[in-house]
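Right after this note come the structures.
Presented sequentially are two complexes of subunit A, the first with subunit B as partner and the second with subunit C.
Showing the complex of A and B:
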């Protein structure tokens, strides 16, 4: 319970104006600084061998290729998040079903995927799901690697969304259910019109958090040959002569790329979390 | 142990075709056991390193110097918001290229092996989360406790080590359990820098013997057991350390 005292400055409400917030800006700059410093170092190394292009020139030359891979990372993360959200909400509600027959499998699926490493799930889907699936119409659906990887990434997120939904529904006070029942709402109606709308606020910050984790997991697809940002960067280094001085700038560029995408999301998540914080 | 289970799994293979080769072939069995050992060591050391970083980082964050706080904050944000996979690759390939090589009598080996890089990288990654967890634990310790310690002539470090940290640790245990479990799962990423831990070992086994589904099952079971053990251990600790009238 937050007590409001008169004539007292509320540090939390003022926090967005306080200097501690200004530090944030230079955290991003710090990474940029390291990146530029490494470029300078790589440049200095490159001077020794003038006939080959410097590491920065190589990086700039291959940048569009890596960025093209990064677009695939984004597409995979969007699709996987969509799948995970739909399935996760269904699974979360099944976990709270009155019927044990529905509850038990939902619980098992949730906990199996929550407790296994992403990489293991990725291997399972990539190696055990067939490349081609025959549709009932007699046509063949080709599941390319990146689609299979997307499905693989959606599974652990689905399990965690399921837990988020379950947790959010459980966190709604019992009185809400009881008063809805006294107003002759059925269980389904209560869920649809009363409980779920209240869950949205509570579930959005963790949901966004999981999106960030998902986006950070997509580079794993490169291990199994999907040509996304990391795979493309490695291919580019290979093509540019596999010189050791390329490694630091290329991998730092990848780190920076993901940081530039994920960091704003996590700041935004925290802002929403503060805004929606439920006073208890 | 091996001679006990070997005939059983040999018969299982002969009769049903389920090829759990790691349980009846001596060579694959040894490989499997060493995979378990390396995985467990990797998990243990990276968790330990992440805890040390977490405690030190959280202490620094209570310091009065804005520069130190900023540096730790920068570290947290950098490692929380970038993919652990790229961090591993960066540490091993990027920084590994600069570490000195040691003469092993005829051939050269890097001073820091891929196993050590995996521990370093995963420990630093997990540590970034632990700092935040411990910091919020420390913030939850009532100010009056530290003031009481100060009035008893405890120094800043003593207050931290004997008063604040033990209380903060209890408060942050549930969040810590989550993070350590997720760190244990992340150790499977050491696969990419070819540390012969469980994922890597079983990957080799199924490549050699074409028994992917069976080995996948073993892999799933391995991680489910590890995760359950860590979670159970920390829950036990939570119960054990619970102070009457403190927390929930």
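Showing the complex of A and C:
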């Protein structure tokens, strides 16, 4: 009898609908066109009084301020990715440890942070991590909100890097371990010289995907008052008189800003994926 | 003293007993072939000799050193015993030369320059001169297998184990690998081979063991075993494969 699995999703079929595969270069240009057209439409709608500057003029005026905030988005994303990568690699290897005492906590941490909403993690970190930490030298380290947010964003990415690393290691054929073992490599040496170098190629595309997701998540920090791009845009609109006609151009600008940064990364990821697929 | 002494070895995977009391000796410079039907425990046996598989009962000694000893210095054992696998298992991210050099440099911490000289000589010896900088993915199966032999030899082992090294190869590349092994044997390397190449076993072996269902059924010099097998199981197997 044929077993029916109603909840099974065909990943291969699904992936063809995902934007990362569906979007081609010309479609990116199309999106840009739509943005510019809608900007013009927004402009036409706003019947501003003669003495107040137009929405576009206001946006241009505040652009440096928003871009300054965007630098913080980049800084947070880089730092969080760095933390996530270092901890995630360690966690991924611990998940494969021979010792249950190391394996179990690594497994729990990985799955806890992989399966929780980022926003909730963000709130928990904000509430649990103290504002000030006393260093051994007697000096105090101030953990400002953006640092806390960076830590919070690094946790779910760390958990996913952990899974990427674990998956990459187990995907290396057993024969590699055996031949290394028979050549007198220790387990650590085998990992260092033979297994991990082979994992890098397999892990880079998913790792880059998670970076893109992370960079897109950084505006969440604005909810907690971090002055990144979205937070600054909101502050700018407030300062410019909180006029409703500002909303569309400001948010569309943010959209374009993030798109212009993330989209090339996504194209690059796909190129690397294809290149490695051909090589192996 | 024999170089390798296998005495009453028992090995089980869970409830399945694969080796049921196997004993044999291999002397320095001897070439020994182990033949027998699939699933008779040949590969398991050979893998026990370098400690890749542990045994439950019995004793395996290499140069007098017990392999089945929890305090065994595995590094010392593996310097003495080289193994070549059916699936070559070359490191795909390293060139042929780097594959051969890796273990002496990283594990034995030998000077890189010396190792490179030796590695180049070994690659030439397995008739792959000119392929030093090629990655395994661009070599044929037979070429990869010869790199694997060179890689193992780079550790300067006293005994070489060959685990069905031609079983995964195209027929036309089998010959070149067998030739390499033959030359090695002629130079006096002690070799233990698990093989299905009966003609080859007959030609190079000093002694042939026929195994079936975890025991050695019959053994002797190849001329004797291949022409005047006494046991009915051996006769039946040989009539099927030769």
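By definition in this document, the second predicted complex is superposed on the first by the 250 of 280 C-alpha atoms of A that agree within 3 Å, B and C clash if a C-alpha of one lies under 4 Å from a C-alpha of the other, contacts with A are read in each partner's own complex, and residues count from 1 in each chain.
By our rule, contacts are C-beta pairs under 8 Å (C-beta built on N, C-alpha and C of every residue); 3 or more make two chains touch, one makes a residue touch a chain.
As the structure is a computational prediction, the values presented were derived from the model and not from experiment.
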Side-by-side fit of subunit B and subunit C on subunit A, or clash: fit
Subunit B versus subunit C as contact partner of A:251, first or second or both or neither: first
Dominant contact partner of subunit A by residue count, subunit C or subunit B: B
Touched partner set for A:216, first subunit B, second subunit C, both or neither: first
First, second, both or neither for A:230, with subunit B first and subunit C second: first
Subunit B versus subunit C as contact partner of A:127, first or second or both or neither: first
Touched partner set for A:137, first subunit B, second subunit C, both or neither: neither
Partner chain in contact with A:188 - subunit B first, subunit C second, else both or neither: neither
Per-pair minimum CA distance [subunit C against subunit B, superposed on A] in Å: 24
Subunit A residues touching subunit B - in the complex, by the definition given at the top: 23, 26-28, 30-31, 112, 115-120, 123-124, 127-128, 212, 216-220, 222-223, 230, 244, 247-248, 251-252, 254-255, 258-259, 262-263, 266
Parts of subunit A lying in touch with subunit C, wherever the complex brings them together: 173, 175-176, 178-185, 189, 193-194, 197-198, 201, 279-280
Residue ranges of subunit C touching subunit A (in the complex, touch as defined): 50, 52, 74-75, 78-79, 81-83, 85, 87, 89-93, 102-103, 106-108, 137, 148, 151-152, 155
For the subunit B and subunit A complex, residues of the former touching the latter: 66, 69-70, 73-74, 77-78, 80-87, 89-90, 93-95, 97, 181, 185-189, 191-192, 199, 203, 212-213, 216, 219-220, 223-224, 227-228
